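You will see chain A twice below: alongside chain B first, and alongside chain C after that.
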Partner chain A sequence: MLRFILIRLAVAVPTLLGMSVVAFAIVAIAPGDPVMMELRALGVVPKPEDIAALRAEYGLDQPFLLRYLDWLGRAVQLDLGTSIATGRSVVTEIAMRLPATLSLAVSALIGAVLVSVVFGVCALSRNRGVAACMRGLTILLVSIPSFWLALLFIYLFVLTIGWGRLVSDGTWSDLILPALTLGLGAGASLGRVVYERIRAELSEDHIRLAIAKGLAPRRILISHIAPRIVGPLATAWANTFGALLGGVVIVESIFGWPGLGQLILQAIAQRDFPVIQAYLVFMGLIFFTMSILADIVVFFTDPQLRRTLSDD
Partner chain B sequence: MIERHLSLPALRFGLRGGRFGLMMGVALLLGFVVLGLSPLFVDIAPPAQMDLLARLAGPSDTHPLGTDHLGRDVLSRLIHAVPVSLGAAFATMLAILAIALPWGVIAAVAGGRVDMVMMRLADIIMAFPTLVLALAIIGFMGASLQASIIGIAAAWWPSNARMVRALVLSASQRDFVRAAYLSGASRLRVIVRHILPQVLPPLAVIISLETASVLLALSALSFLGIGAQPPTPEWGAMLNQARPFFSQAPHMLLVPGLAVTAAVLALNLIGEGLRDLLDTREPYEW
Partner chain C sequence: MKHVSFFARTTAATLLCLPLAFSAALAENALTIAVKQDRYSVDPEKFTFTTRRPAAQIVETAVKPDENFLPAPLLFQDWDYADGTYTVTLREGVTFSDGTPLNADSTIAALKLYDTGKSDFLQIDQDSFEKLGEYQISFASETGSALVIENMTHRGTSLFGPSEDRAANPVGTGPYLLESYDPNQQITVVRNEAYWGDAPYVDQLTFRFIADDNARLLALQNGEIDIIGEVTPQMLLSMPQDGSVVLHESRPIRYVAMMTNINGEAPFDIMQDRQVREALAWAIDRETIASVLYAGRGEPAKGILPGWMFNLGDTHTDGFGYDTAKAADLLEAAGWTLGSDGIREKDGRKLTLRLVAAYPNVSTVKPMPEMLEQMFADVGVDIDLVEVDDSGVYGSTYLDTGEADLYLEFASNNNTDPTYLLNNLFTTTTPWGGYKFFAPGAHVDALLSDGRKAQTRDEVIEKVRAAHRAIVQDDLVAIPILMVPNFALSRPGVDVPMSEYADWIDYGNVTMVNQ
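And then the complex of A and B:
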């Protein structure tokens, strides 16, 4: 177990380094000079020597590799610069809003997992009408854009029935609608994975044996199929979580949920590079951690993998 | 064995279900093509023509789907958005394939160290949540439809390259591919004549489903105001402009959303239908 985690973490180091290069390079090669932009934000008409001085101050006259190492050194100490728009440290800006975004993404993920199991299992129902309906519903839910679903929910629940409200201060009851919006779509696409996985297992001989033994479908599903699909599903959950981390931006802005969404949209509009970069770094790290957790679940649920790793 | 053959009608039903979905998807997509081409044959008001006296008007004879906050005809904007919205999605998918196809094929055929390095590079991009990476790229390039196409293509290609690689790897395990190598065919010839024909059908499924998700992402970006910019008619952007007039003019909200849903649904139905047609497994019945 410990051995597996150590191997997994050792493999992760090059990927993490690669991610940091991407996050750094994306700013370094972005069109538009950050110095010029800061000067313009200050309302100064820059003179060439001012620009040169500022470039030297920021170390922008250094070669790429040195600047990258310098940036990495500061990033490891959680110093990702200050926001051009507010002048505050971007790490503080992000840390302030991160809990709201994470709680929305996690509750949407929980919803999605529940929805996906129901959809996936029902799509395999022996009743062909039910199965066809569930598959149709799945494709429909996957196809509805989350922003439109959000607007429909607001129209229905907030404006017509009067549940919920549009200005949210981050309390749990305000979480329900945005989490439902995100969870339904994500759950439907996860449901396709559940359906595919169970179908693949159903084509295996050991399931044929279980059926021949006369086991009830529920028993086969819980004790023969479930243990074998938990690992692949954990990977799918991690991927869904990654999709939700991006998806929350869309829904947060509609429901006024005080997460990272508004911050990042503002940063894109104002071309606030440090904020965007820090956002990329944080989301990348969170998603990366989830993928490692998923790999550990895969390891735990796959006896063959466990045996090969403990042998050598 | 006989009993399994007896359960074949079930299989046929499944096939028919898949075909029905496929047909519906193709019909929907053809509908969009006809809709997109209709300005060439039918006289439709230009999408930017304003009728300030009829702002936010509901459906009427002159404006079958009503007008928006500037008095522009919603139907006309919806139709003129077809080439923009669908065109952007197909352009993005082409860009993704232009990278993913050679990347996946080369990695799979070369194998060894080349494969490892190429897949490692793809993994690094895939380690970021796709939409987050796309948002960041758009942020650094400045919001526009081109930027969102580039951002999405840059974030989406690695997973596609991985799928292409997996398809090519399983295709090159076949005996006739080995036989072709043994009979002295060049690598290029084996790839073009023996591997690609095997890869194309499952690739068609992937392309169709991925175009659907790309279309969703592009319209979401336009909805957030960082994709297509006004006054370009685009479904997501139309929804964005409709937001302030939510309770006064719900018709502005309904139609573009339905258009996105129908287009994505068409692509998903085609993808799922094709997948069902290609699926030869026979799950055991309980």
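And then the complex of A and C:
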């Protein structure tokens, strides 16, 4: 197990390095000069030497490679620079927003897992009407863009019924609508995975034997099918969690949820390079961490994999 | 006994309800204002960035702009400029929120802070400060400018008192004190009971940072905020018309104009011909555009600076009407004849112009680009319309490279220095890179340079008028389209004292009427 994790971590180093190069390059070649944008917005009449001084302060006068190496050297010491827009350290900016985003993404994931189980299992119902309905609902929810669903929920639950509010301050009750918005679509997608995995398992010999023995469907599902599909589902959950972290950008903005999504939108608008670079790398890191966690779950739930790794 | 019991119960109920009554009364004097983003930056090295809207309630500038954008007394009681030296008398009886008196020493210290920032645009000679008396100082401009006092009307020059941590404990002379700051969420200020001036009407102001335009509008409709301080044109288009949202407007200040690339290289060299520029100016139906955009509150423009600003007046420019026949004649005279496909040609070259819309983004002028495309098509001009929704792309991809013929801009002179806008946008020495493509040349450079060096305000304004006329009339490098007010939205029953300058909207004196 330890060797397995160490190998995965060793592979992570070049992956993360590559990711950081890409993140840095994307930002470097993006059009827009944060210094000029800020100065024009402020109505300041700068002297050329003022502009040069600001550019030097942000390192924008250096060639790409030097800037990257300097940034990488500081990044490994957890110094991701200073936000051009706010003057706060980027680590502080991320730390201030991360809890809100994580709570939203985790809530949405929990909701998505519950929805997926309900959708997946119901889609296998012997009642053809229920099964067709669940499949139809799944397709509908997968197809609806999250921003549209968000606006629909706002209209229904905030403006019409008055159950929620738009000006969120990060309290738990404000989490419900954005989590629901994110979770429903993700849950529907996961529901397809649950449905497919259960269907695949149902054709396996040991399940046929269990059915022939007359075991109750619920017991077959919980005792025989669930343990075998947890591994593949964990991988899907990890990917979904990553997708949810990406998806929060729009939903956070619409619901005013004070998380990383709002931070990156503002950073892009203001060409706050240090924040954008850090965000991209940080998101990659989270994807990578989730992937390792999923691998560990698979390791523990798949005896065949465990045997193979032990033999190696 | 029954009566006593009833009396006791009534008294007890009244006493119990008193706090509720007081809280309701207090709530009447609390205001929540939604703004787009958190500009309350904390870096002391860049503290000119910290003094925008919310923080502007805590710190004050030396002078404030009057109704014509001329400097009026605030912390400076009066001032004089002679032989390159400013002599200033300070207002007496003013103290910073920490009790430090505003006097010659504290004012010089506050002004000197600006030299430590990297965006120092007061440009005061740091060795020139002199204390002439307890409430009198003098200083000189390091560039010989007579406009230093004008520049002090910018919120970015607010005077800070001494503080170890300017972000956590901003010390100013303003009508409010910082109550709480939740980065990227909200900032709350409460009334400064020791304020030297007239006490503001509102006890507490909370600025909520809500980035999404729709969310700001919906929050207002839902009664979660009272005022929207940053209104985009899209919000005006989607604003409900049932009276649930009230529109407040200033006098027109922002311009929509089409900048013309007169210094570009082929194929972006057609606009070098003034006749083509004038033809486009006559081909625009400004009345129709004004009726469609900005809730119908825009006005057809004769220039890019409003006449009321700096007492410029509006007689120094003539403007252009809507006359397609005249536009067609001008194009014919320039050698552009109508082709069989309805597009004009000259020497086998089609009259196709690339129009980039817009600064700061295309959303601010929609659907004007399409309307202009149609109007120009009517006189045989083909438009290659490029819509960009990002000022970075606008700047780096099209403006800095000069790879377009026309650039649609929605902006304003957000500075009380009369030369500011014209100098930055229309001189060959512009600090804003790509704007050199719009520079008429040495004569406008000279006018604005002379204006910046002029030693009397009248002389400055005379030069600005001449440069403005050259830009929007004689050389016609900027084709004026509309002048647009500054807007705010509120719930019904709220009266917002508007200002053309968003940083100068006096939220503390918003009046509220129970509905």
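Basically, the second predicted complex is superposed on the first by the 269 of 312 C-alpha atoms of A that agree within 3 Å, B and C clash if a C-alpha of one lies under 4 Å from a C-alpha of the other, contacts with A are read in each partner's own complex, and residues count from 1 in each chain.
Basically, a residue touches a chain if its C-beta (ideal position, glycine included) is under 8 Å from a C-beta of that chain, and two chains touch if they have at least 3 such contacts.
Given the structure is predicted, the values throughout are model-derived calculations rather than measurements.
**Student:** Of chain B and chain C, which one touches more of chain A's residues?
**Tutor:** B
**Student:** Figure out whether A:L159 sits in contact with chain B (first) or chain C (second), or with both, or with neither.
**Tutor:** both
**Student:** After the superposition on A, what does A:L151 contact: first (chain B), second (chain C), both or neither?
**Tutor:** A:L151 sits against chain B and chain C alike.
**Student:** Return first, second, both or neither, reflecting whether A:R88 touches chain B, chain C, both chains, or no partner chain.
**Tutor:** second
**Student:** Looking at the overlay, what does A:L265 touch: chain B (first), chain C (second), both, or neither?
**Tutor:** both
**Student:** Go through the superposed model and pick first if A:T171 touches only chain B, second if only chain C, both, or neither.
**Tutor:** Neither chain B nor chain C is touched by A:T171.
**Student:** With the two structures laid over each other on chain A, which partner does A:Q77 touch: chain B (first), chain C (second), both, or neither?
**Tutor:** neither
**Student:** With both complexes overlaid on chain A, does A:S253 touch chain B (first), chain C (second), both or neither?
**Tutor:** After superposing on A, A:S253 lies in contact with both chain B and chain C.
**Student:** Using the superposition on chain A as set up above, list the residues of chain A that contact both chain B and chain C.
**Tutor:** Residues 30-32, 151, 154, 159, 253, 265, 269, 271 of chain A touch both chain B and chain C.
**Student:** Okay, in this complex, where on chain A does chain B touch?
**Tutor:** Touch list, chain A to chain B: 14-15, 18-19, 21-22, 26-27, 30-32, 126, 128, 132, 135, 139-140, 142-148, 151-152, 154-155, 159, 199-200, 202-203, 207-208, 211, 217, 220, 242-243, 245-247, 249-250, 253, 264-265, 267-269, 271, 273, 276-277, 279-280, 283-284, 287-288, 291.
**Student:** Report the residues of chain B in contact with chain A in the complex, numbered from low to high.
**Tutor:** The touching residues are 10, 13, 17, 21, 120-121, 123-125, 127-143, 212, 216, 219-220, 223-226, 236, 239, 243, 246-247, 250, 253, 257, 260-261, 264-265, 268-269, 272, 281-286.
**Student:** For a test of understanding, state which residues of chain C touch chain A in their complex under the given definition.
**Tutor:** 32, 34, 37-38, 41-43, 45-46, 48-49, 118-121, 123, 151, 154, 156, 182-186, 208, 210-212, 214-215, 218-219, 221-222, 224-225, 390-393, 395-397, 414-415, 417, 420, 423-424, 431-433
**Student:** Please name which positions on chain A make contact with chain C in the complex.
**Tutor:** Per the touch definition, chain A meets chain C at residues 30-33, 36-40, 42-48, 50-51, 53-54, 57, 82, 85-88, 96-97, 151, 154, 158-159, 165-167, 169-170, 253-256, 258, 262-263, 265-266, 269, 271.
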